[in-house]
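This report refers to the structure that appears directly beneath it.
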């Protein structure tokens, strides 16, 4: 027997206490949706988990109304100290139910339990913990003398880090004094609904947080709702564009966290072993379904062969399989739709003349899977060097000089993140200066902390989440133009075609 | 067991170094190796530590750990009686279970070697073939602070008494002062002192004392240096200094032997020693060996644990797997 | 009907995570305002103070080396435990000071809430008090606040709990350790607080509580070179200028006394007072 074929080490589902059917969470309670309900499945084996309500326009209306009532009557009148106490309670409850939440997240999203347990859920608790402390310290945030909340925030989140994206949205919004209507992604509603139960355990006043499950239409309705003061969206650049157009001319404040095609730059004097780990983390963590994934390896030509060889050897130890097995490194792709997109772009990579190499993994019969893949001989003009694949596919390009590395890294409409690997401190800092990216990781990758601002340049969106900067999105007086009188639109707003 | 042929050593080193192994040449070579990012290294070690080894894998792992232990006593108060007791434990770790495998070796001070060999009797032999070998610490263990003549005499003595393996210490003072040529020379000369009259060699483990070298860059350089100079094994610690073996340090050393194999086709062993007390920890090391160097390193001639109290913890775990309930200290014997 | 016989608590010092009696063996009587016996509190000696400073010094490395997140979690845990023992603290304040239960409850609530306020500063203070500096040259330049080390505190003397909490908590935010001399008249809440600290994951030595005579002990803290900052907030009735002069010998940072009910009111300045600012330069170059 090969030791490396570790015996199954499954995390038990017994800790879960799921309902067969979930309603919408509005005004502190669950209620049926009036849209057509749908089913959420486990992408690892395509089995049904639960039936999920869909929020119609009327439901979204009710949710926004509940958020507005809660804002006017309760939340805006509450002291920062008390808002903070609620957030501390939520943080502690997340910690208490951490294991349960991790299992539910892996089940619904497909990511390995190792990641949901060790990364996602701890960061969720940390995010609430961090922002809890800001609630009664807004005067110190450097965002104006008397920062006030915006009102009701409409928030739409993606499927790649369901509970973590929920935390990134709700924690600062509540700390700043806003109330919230949040729409989870269609394929990953489960942990948001468990979170709603946690809100009940925390005794959060009804209407402060409302969760409306549904598909794209629900999200579109929410962000365009006239009584929503603030829109926050994380997702694709394509949808982000539509939202930006939809709010034009309105008073709505908007922040967008969109796609990326990050360059992971490896200089010849990099700490090679750790750089290999960083490349692997960069593109294969969460199956590459990460906006800030290091999806382009930009490696100094002199060490290209050695790096690619070591990378391939390293990938041979990655284990693909059941997300609930504690030894799984690579889980399932979140949906068939996403899997098809990854396959299609990889096919394009083949056509463009790049050389494909795939790790030797046993693919299960059912479920949505894509083995870790590397494309070498990729050029800047290739689509697989420009389009966000959002899967476990790495494109490898080379450079000769620091200037060239920076130019290639910046040569993209995106600008979310970048990696720099070198032992030379002065080079790290100079390269970081020149990279047009909102997050630069030097000699590390994919590190997140609630105190560290995250967000993009250019088409990766605008606004920051995390840190003192993350409060700005949810406070009046924190952004330019707040005090200016709204200029009347000179002509009627034309309908923008989809 | 295998020992690197001393005849080809200087040529191999000169070839790889591009010159004689003096301070300057060695410095250029060792400081030209890629650096180690400590945070990243420790993160990787922590990740490997999350592997969940259960049921059949765990049972296999526990037996394998026992088979890779150098059961050790290195106390000033050691006596022939203590050594006999250790050997008895080495041959029959679990008094209640004769199916329990034997350890790989016993590790004692040089002057205790004759008693160990006598106590082993017919069981004395190559652990790759089911025997138990005798490893002796030498070269003014643990400090290494003595003249080269003394260290060579210490080594030759142990070899003459029948030690199969020599665990030497490097001169850490010289290493930290940048006198790489001296460190190299001492290792090469100790390797020569491992030569027996019949032309075979005792296997040489080179203890780096990583706790004193402190930085990972130093440990990486010392590892390469020890291998270039002819070591068959690189070993983390004497066990007399804290910190002794750690998972990140061992991971780093496994990366070095892996890269040495890629470069030369030769396999060098790794021995973490000191501080590994629980089965849980020992299993993490097994995982690290398998995922970094490869499963073929999980053999007595390529990997050992320098340990004493680890054995009993492994036996308790082994008993639990067999009986289905927790075991206790009264059910394992003292060595 | 016979009333149940109580088991009165013994009040000792809190040093290095343990509860020793004073090495001098001395105690002093703590009574209600009406003169009824409450307890014998330990009367700390200069040697107790010396031991406390040694403990505090030893604890700085671990406490300041913990992540800010971890410190925030630990301090929040203290608030959780305090909340759970609210009734006990209210009783103790009523007995020591003679105020009504309602007034005592308000004091306990305010103490807990102030503690929570400070807990929430741990992982933010650096963002507010530190920053990058736009120096005129190819250099990365950053200023960060660091803990000063061991902070000696003479707690406000007029309250049993809220003044004590208000003086200790801000020092702990950035990783300092504390040696505090409690209110001489109302020392019992300080030891009960120490019991809370001992059961809240606060490492031993991070907070050390001495009860007794500030007049006797303060000079020893003031002149001790291992006390890096001295908070004289509760020293208004002492010869505090002499204390300040003694502290000046080793350039100890000193905060002056404050009187009144708002002594040691929560402020960012109370955290900053116990920090040093470190500025680091690093060149930037592509070639």
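Here are a few things to note about the model shown:
The letters A, B and C name the chains in turn, as written, and every chain counts its residues from 1.
As a convention for this text, a residue touches a chain if its C-beta (ideal position, glycine included) is under 8 Å from a C-beta of that chain, and two chains touch if they have at least 3 such contacts.
Owing to the predicted nature of the structure, the values given are computational and were not obtained by experimental measurement.
Once subunit A is left out of the assembly, the remaining chains are joined by touching only within these groups: B | C. A summary of chain positions shows that the Cα centroid lying nearest the centre of all protein Cα atoms is that of chain A.
For the pair subunit A and subunit C, the distance between C-alpha centroids works out to 41 Å.
Separation between the centroids of subunit B and subunit C, computed from CA atoms only, is 49 Å.
In this assembly, the C-alpha centroid of subunit A lies 46 Å from the C-alpha centroid of subunit B. Looking at subunit A, one finds that none of its residues touch two or more other chains. Across the complex, subunit A meets subunit B through its residues 1-4, 6-9, 114, 118, 269-274, 277-278, 317, 326-327, 423, 443-444.
On subunit B, the positions that touch subunit A within their shared complex are 34-37, 39-41, 43-44, 50-58, 60-61, 64, 255, 286, 290-291, 295, 298. Every residue of subunit C that touches subunit A in the complex is listed here, in rising order: 68-69, 72-73, 76, 113, 116-117, 119-124, 127-128, 138, 140, 268, 282-287. Contacts from subunit A toward subunit C in the complex involve residues 81, 84-85, 88, 126, 129-130, 132-137, 140-142, 402-403, 406, 425-427, 429-431, 433-434, 450-451, 467-468.
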